[in-house]
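For reference, chains read A, B and C in written order, and residue numbers begin at 1 within each chain.
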């Protein structure tokens, strides 16, 4: 019995100290204003000022676009991947870039996208002239999608791999065209993977903060950027926590919509 | 089980080895051993040769740590547990630290070299009588432009940045007070305004600037301006000098209608462990030869009158870095504002950034 | 299957792979350039590698990063394995709530983890630096270990443990002689995953670090903001090969221990 207690203590302590306490603290902190007085003001500000509501909508909109772009690129990738021989090996190749530090990948894009960068050199070479690439919405979304692709490919790939081939054969035997087989059989059966992928991409996209600065030139403000700014620059922890609470709520909503049963993970910004 | 145990021991041994390596590595640079003085300063804001010289002269070992904003520095000091002996905050932060009792009053008898400081930089409103701080460098906020991409005459004043011809060609510094200072000055208000209507008006004015804004960034601006990524940037004089040394098409202007003038100052935190060394370091940096050498390295303007005389004429005659009296008259320092007012600046700035496209 | 379908698909896949690897190759190629920027290739040189090894601050930071990662993963693995045992022994709603609590840190955005830990450390008065970073890394690595060990525990046949008891083994003996050896592959896999999480983390460390303590990600962030520096390219090339080695090594461990590719399993984070 003593042994059981011995095992339970560290893990429960971790749950209490590093799971529950920080969440409680961020909630608690959200009721204090910048002068350290207890108030509901942060929530009032959030709900009444156009700035924060609009920022939230903006942030959701960007996250939606990033998720969409990622999905559009990833679904065919997973689909094709699934039909290859040695598919586990190819899948591993898709995942390998996630082991490269995120900062390094972002840093590469700074070099690629600048006025004198490689992409512009190429554009000039083919006669398209140089374009402003850095600090545009397009490049921000591209880089964000680039980072998220593997996390979308994975769950879709797995749900596609689980589809029983005899179902597809049956569909064909019954005279369905390839398109019909896809829309009526494959797509519905891969939906759990798509949902898991959306969950894995949407929430991190809401809370991106480093790319908004390095690639977006601070012209894109997400919930994550606002939290970082309030905590580390303006020192308004109360407001930062309030936005944090909103972000946590958003997270629960997304998890509820995309099916509460699945646990997602393995993903950090 | 044996395998697990062996792996655990292996990992721990590896950690110990690494920790030892770390220790050995830092010991090499840390020969003098116990007597250290810890300096907390902005990145790359002192000539490393001067640090070595100070170490040789005094036998102290200097631990040089850096911060990248007054706010992050303040958080670390407030958080406690730190033992910095000397910190170099900007003027409004000196005011804040004073109010929060984070810094110790200076004993001027221990600072014989203080008289080298130009009187016009002494006894400023943020620290009357210099009871807590000694000026280190001063500088301005201004406009840097690339003469290949824009005519210099078109960027002499803040209001000219609103010119539609600069569409998507202006880089701003990511700092609420600096960006608002620019807008407040164009509308003739104080950069320290606490009047919400003036702020709101400034923000509406800034919103009209958004088509011209390419990015709102910090240190990165150096790289981008050097690489001709944008025609115009709003930045600090010292950063401007650095950019100009790399790209000769860049020029710096302090708008004559007014701008921000700032001071970075040496202060000794209350929690300092080695105050004697901190005083020695301040004195050392006030020594005209050292101050001049430092100014040449860092590129900011020195408040040290004697040191300024030691600098080459072409440096001190440069009106962009040592502005003429008529411009100096219009330069304003930031005052530390009440937190809720700062909150308004920050919220309005966040809103501005959101619409900056 | 129709042949032309494969060709189009293959082309598409090739394009995706080009996009995925272009930035990484780009960094690596310029790490060998004699020039100073990533604009033009200036001929082969090891100059930037030499600079990197001569950069004392960078080496200290690499060592710090490794110590944090190795130590945090080790402690997280020990606590996480205990946690898996606790969850395995629990029943009903208690088990479900434990599992949900376990997954909170897995699904929370990093900004939230970073910000809430910052408040937590400030309230407790823990000095920001090595200790706060280490504690944070331990904290966010624990759930991964639990998720890696738990399936192995579930696979373990209860009769095996019962047999051990029948043969007169104490609880400790049953654990050390039967349970732990059986779940060892899960524990190693958990350690490995924790290691990669810790090495890769930027956001959480960014919030809770201080007093001059820095890890690689944070250092790269501040250096990247100061401009292109090919020393970073050299570093990323080295890091790429280290991760490649780790992944290959891990691939063989997991092949050895189970049918399903567990890298895939954990990146998806599918608990069961």
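The rule is short, and it goes like this: a residue touches a chain if its C-beta (ideal position, glycine included) is under 8 Å from a C-beta of that chain, and two chains touch if they have at least 3 such contacts.
Computed from a predicted structure; not experimentally measured.
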Most widely separated chain from chain A, with each centre as the mean of CA atoms:
B
Given the two chain pairs A-B and A-C, which is bridged by the higher number of C-beta pairs in contact?
A-C
Quick one: report the Å distance separating chain A from chain B, using the average Cα coordinate of each chain.
35
Report, in whole Å, the distance between the mean C-alpha point of chain A and the mean C-alpha point of chain C.
18
Going through chain C residue by residue, note those that touch at least 2 other chains and give them in order.
37, 78, 225, 228
What positions in chain A touch 2 or more of the other chains?
116, 214, 232
Contacts with 2+ other chains: residues of chain B:
75, 217, 220, 227
How about chain A: which of its residues touch chain C in the complex?
3-4, 7-8, 10-12, 14-15, 17-23, 25-26, 29, 73, 76-77, 79-81, 83-84, 88, 90-112, 116-118, 121, 146, 149-151, 154-155, 158, 196, 200, 203-204, 206-207, 209-210, 214, 223-224, 227-228, 231-232, 237, 240-241, 244, 247-248, 251, 255, 262-269
Would you pull the chain C residues touching chain B in the complex into a rising list?
37, 56, 59-60, 63-64, 66-67, 70-71, 74, 78, 122, 125, 127-128, 176-177, 180-181, 184, 187-188, 191, 210-212, 222, 225-228
Considering the complex alone, what residue numbers of chain C touch chain A?
1, 6, 9-10, 12-13, 16-17, 19-24, 26-27, 30, 37-39, 78-80, 82-83, 85-86, 89, 98, 101-120, 123, 135, 139, 142-144, 147, 171-172, 175, 196-197, 199-203, 206-207, 216-217, 220-221, 224-225, 228, 232, 236, 239-240, 243-244, 246-247, 251, 261, 263-264, 266-271
Residues of chain A that touch chain B when the two form their complex:
33-35, 45, 49-51, 54-55, 58, 114-116, 132, 134-135, 137, 213-214, 217-219, 221, 226, 229-230, 232-236, 239
Tell me, which parts of chain B touch chain A in their complex?
69, 71-72, 74-75, 168, 174, 176, 213-217, 220, 224, 227-229, 339-340, 342-343, 346-347, 350-351, 353-354, 356-357
